[in-house]
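Below, each structure is written out as structure tokens.
The following pair of complexes shares a single chain, chain A, combined with chain B in the former and chain C in the latter.
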Partner chain A sequence: MVKLLQQIITGISIGGIYALLAVGYALIFSIFQFTNFAFGGILMGSAFAGYFATTTLGMDAIPATFVAVCAGVILSILVELTAYRPLRKRSSSRLFLMISAMGVNILLVNLATVTFGGNIRSLPADMRMDAIKLGSVQMGVLDLIALIGSAVILIALWGYLYKSRQGIAIRAVANDTNTARLMGINVNKVSLTVFVISGILTGMAGMFFGLKYTVYPTMGIISNKAFIASVIGGLGSLPGAVLGGLILGVLETLIAGFVSSVYRDLFSFGIMIIVLMFMPNGLLGKSNDKL
Partner chain B sequence: MKKRLLVLALILAMVLSAAAACANNGGSGSKAPVKVGLSTSITGAGAFIGVPAKLALEDYVAELNKNGGLLGHPVELVFADYGGDVAVEAVTTCNRMIEQDKVISILGPHGSAATIPMANLVDAAKIPMITSGSNSKCTIDENGNVHPYVYRVCYIDPYLGDVLANYAYNEMGCREVAILETIGEPYCMGLANNFESSFTALGGKILSRLGHQNTDVDFRAQITEAQSLNVDAIFMPCVTYLIPSLFANQAKEMGADFQYIMGDAVYNEELMTVAGPACEGSVIAVGVCEDDPSYAEFRKTFSEKHPGETANMYTMYTLDAMKLLEWAVNKAQSVEPQKIKEALETAANVELFTDKNFSIDPETHDPLKKTVTIMEITDSKYEILTSFKPE
Partner chain C sequence: MGYALTVIVFICVNIVAATGLSLLTGFTGLFSLGHAGFMAIGGYTSAIMAMHLGIPYVPAVILGGAAAVIISVVIGYPSIKNRLRGDYFAICMLGFVEIVRLVISNITHPWVNGSLGLTGIPKLTNVWTALIICIIMVFFMRNFIKSHYGQNCKAIQQQDVAAEMMGISIVKTRLISLMISAFYCGVAGSVMTFYTAFISPLSFQAPQSQNLVADVVIGGVNSITGPIIAAAILTALPEMLRFLISWRYVIYGLLLVVLIIFRPEGIMGYKEFSIGGFIGFFKKTYRVAVRLFKKLFGKNSKTADKKGGKV
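So, the complex of A and B:
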């Protein structure tokens, strides 16, 4: 019983990480209908920024997170301006945007390997906080912060998208880019805003990842799981991304704990296929989409 | 149209400059240059293995070329990177080295997952390959016959698994152990199987084989499982130090106090920086002890010349492979691949970088009598406990 409870708690905290990343995927997908596979690379870039802020500049966790977020935003904007916008301008197929995103990801990972080396780096140990005990089960303080953090960011994002003028513009663009353009919305400005938001999320996730795990050039590979989570939840749906993340996290730990960790990925991909077979738009996605 | 021409011109310029760079590498020796390949992981998670190996080999070959190269032939190095998708890229780059570059020999790769698919290719092309970091039974094919062109300078899993199982059972007093296993990784699964058979033969029990994927970063599910089993120790035959360091740190955060037993691939100074305190009291078996004073000078010079890089076990194994090739060329008095292979068959008491008395078993192409050193992690440092030299 204790083991079950502990696995569920662990699952929720892993799911929280997936959720944070899945929201980033969902946001870009809902506007541009393509998957930003450069996400992993940007995540890694911000984690490295956070790492150098703490080790070289001797910053604490909170200012270092700010540096990581800035790096995430800068990288995200750079990628949008150099890799995506020129393609959109030519009205290229979305497939090319996706390929361009994959190219950017490979470029970033290899650039980091060449510049920083392939070694694993860890952020100062005192920044990794301890676990709190709830009866006989325990949860990492960092996980709790991530979970609460994801929830707060999500609520803030929801407020922004539904209550502010710019938010309404973003949703209008998501709904119908061409009509929104005709109505006088500056689509390029809106897309830049979306990439800034995505950069903030990625930067936070990168810093959190660096703290929780370690920093190394190929760390962005975890975003594959986040992609699955956002597909399960419904690509383009923000609450769907969170739900997908939590389901995937809990399912994976339960499978690993009670069946075998060998079959974990089989189940993760299996559930994705089953969801897509019966609900092609994911659990919370709608066929006409959006946000 | 203009733009298209510009792009074409740019691509052409890039290709030409790459070709020119290749042509310039020829050196000024009187004899035709010969090419030697190094297959390793220069990008990806294994870059900490491949990058220092490449740099050390370049330094060594520059020195060698100054002194006349191989029998007067300047040596050109060809690097093949399989960092992205090992099984696919190892094969593609191996074919390229054989067919396009016409290498006389291939050094590396640094991993069984790459060596196994490459073994058949080098056999077919009759190009000797000296692997410098593949521990599974990759010199032997699935029918139990030796791969005629595959040799190795590092030691093999059955022996390492046996030494570790004995040490765990007799010296550490372990009776119930769990194994952390990377699915689909030949080194890991080979070592895990060998450890399990030796350990159970002694009377010990393997309570669980905790599987995980190579790309996993979160091991809390496996840690919870191991905690509930109450194991004496966890055997980690992982391919790089990333997984053990993540596992140990996460276990420590969850309040678990495991003792770890590790294979040689995990051995790296960085493990101490990333997870030293979490690995306190763990035991690791290696073939080359990096802290050995006889390597201190080399490692210091290397780090000074290449800031940010450290020479590790694989760096030294790579130099072993190069020195073995050099010995074989000198013995054969030829740079013909076939003659080199014939010389390698007879390698006995050769002085290499890490082994002053290196011999090859012609039956298996494995090294004979390689010493295994067992170390313990104390105060985030590797402390030598004991050494085994087979009789």
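So, the complex of A and C:
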């Protein structure tokens, strides 16, 4: 019983990070309807920024997170301006956007391998901090911070999207890009905003992953979990992405804790395929209703 | 010389796989990110057949393709029947390739040997068999595209609702094209395995599938010759860039982005490569060049005259 509770708590804290990533992914999907494969590269880039901020510049965790977020935003904007916008200007097929994203990912991963080397690095041990005891269950301070940080960011994002003028513009573009453009919304500005938000989320997630696990050039593979989470929640749906991330995190830790950690990834991909086949719109996605 | 032959064999393998995927992605319009999974299934099946059951080369290769077809029906029928398309189908196939890789890594039976992979597979493929198989497969694909079924595939890619109204069964046609593309990838995987004499789950990770998609999209959807040319170039490119050592994949990624931005319809677009077209292209460029040369020459002579006159 204690073990079950422990696993669920760990799962929720991992699920919070998955939710961050999945929301960044779902936001772009809901507007442009394409899978941003460059996501993994941006995640890796911001984790490396956080790593160098702590080791080379000797920063604390919080300023380092800020550096990682900045790196995520800069990379995200660069990718949008160089690889996606020229394609969208010509309104070419989404297939080409996907290929372009794949090219960017190959570029970023190999650039990191060439410049930083393929070694696995870990952030300084004192940043992982201790665990707090809550009765018989314990929770890492890092997990708690990651969970609270994710929750704060997601609530702020919700407020921005649903309560501010720019948020309404973003939702309008997601609903129907052409009509929104006719209504006088600057679609290019909106898309830049969306990529900035996605960069912030990815940067946070990259820093948390770097703190919790390790930093290495191909760590972007973790972003596959974001695809899975947003498929479970419904592609393009933001509440669905949060829910999917939490469900995936909890299920994964339960499988790893009670069955075997070898089958963890097998299980998550399996659940994704089953959801896709029998509930293609996921838990919260509706076929024509986005965000 | 051996090195060049190896590159040629890999080009043949990638041409076979890219031709298969071009039927699914280019002609039928289903985007797949998991065709390396079919290559893995084909490779493992034919390797086990040849090593433990003593089956000769050609039947082993065909059985490798057949195994990929069976798995493609298992994964493809429910997803196609539920009308998964676009990114949904692509992500479904991405999950499929990861599952294949993880399942193979966790089977510790000595015939499969888990994540360590199989060694000591008989080296049955040589350059000539690879070339012959490649030519035969491409020829069959050309005939298939020209046939009634191939035209159905194109109709579905262009306008699926209209195609269904005309009495084309979408599920059936999509499933057939998935099965054929799986067969092509299975054969490609088998041929490759019999050449490298080694197979491990690590050879079939996501980048392998992405390279296949890149072949098809860069070559041009709705063209067979385009993906063939693209497969040849993109297989040879990292080898040609080898002097750059570790920078070559950085440049490869960069070239992919630049190519897709500046020539989004692919190398061939909707056209096919043909000898007549090739000669026509040269005639055209020759004519343009002659005209350009005359213009330049004429201008030069005029300016020279003017200068001469002034002096």
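Definition applied: the second predicted complex is superposed on the first by the 291 of 291 C-alpha atoms of A that agree within 3 Å, B and C clash if a C-alpha of one lies under 4 Å from a C-alpha of the other, contacts with A are read in each partner's own complex, and residues count from 1 in each chain.
Please note the rule applied: a residue touches a chain if its C-beta (ideal position, glycine included) is under 8 Å from a C-beta of that chain, and two chains touch if they have at least 3 such contacts.
Every value quoted in this text rests on a predicted model; they were computed, and no experiment measured them.
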Exercise for review: Once the two structures are overlaid on chain A, check if chain B and chain C clash or fit side by side.
Suggested key: clash
Review point. Should A:Gly103 be classified as contacting the first partner (chain B), the second (chain C), both, or neither?
Key: second
**Study point:** Partner chain in contact with A:Ala83 - chain B first, chain C second, else both or neither
**Key:** second
Exercise for review: Check whether A:Thr253 is in contact with chain B, with chain C, with both or with neither, and answer first, second, both or neither.
Suggested key: first
Point to revise | chain B versus chain C as contact partner of A:Phe66, first or second or both or neither | key: neither
Check your understanding: Which partner does A:Ile273 contact after superposing on A: first (chain B), second (chain C), both, neither?
Key -> second
Practice item. Considering only touches as defined above, state whether A:Tyr160 meets chain B (first), chain C (second), both or neither. Key: neither
Practice item. Applying the touch criterion given at the start, work out whether A:Gln33 contacts chain B, chain C, both or neither, answering first, second, both or neither. Key: second
**Study point:** Region of chain B that runs into chain C when the structures are aligned on their shared chain, from 7-15, 61-69, 97-105 or 313-321
**Key:** 97-105
Study note, to complete from the structure: Contacts of chain A common to chain B and chain C in the A-superposed view 106, 110, 113, 221, 224, 262, 265
Revision key, fill the gap. Listed in rising order, the residues of chain A that touch chain B in the complex are 3, 6-7, 10-11, 13-14, 17, 106, 109-110, 113, 116-122, 125, 128, 130-131, 138, 140, 213-214, 216-219, 221-222, 224, 252-253, 256-257, 260-262, 264-265
**Study point:** Contacting residues of chain A [partner chain C, same complex]
**Key:** 29, 33-35, 82-83, 86-87, 90, 92-96, 98-100, 102-108, 110-111, 113-114, 221, 224, 227-228, 231, 235, 262-263, 265-266, 269-270, 272-273, 276-278, 280
Review point. Quick one: in the complex, what on chain C touches chain A?
Key: 25, 31, 75, 78-79, 82-84, 86-88, 90-92, 94-96, 98-99, 102-103, 106, 206-207, 210, 213-214, 217-218, 221, 246-247, 249-250, 252-257, 260-261, 264
Point to revise | In the complex with chain A, residue positions of chain B that touch it | key: 42-51, 83-84, 183, 209-213, 215, 217-218, 220-222, 224-225, 228, 241-242, 245-246, 249, 253-255, 270, 273-275, 277, 308-309
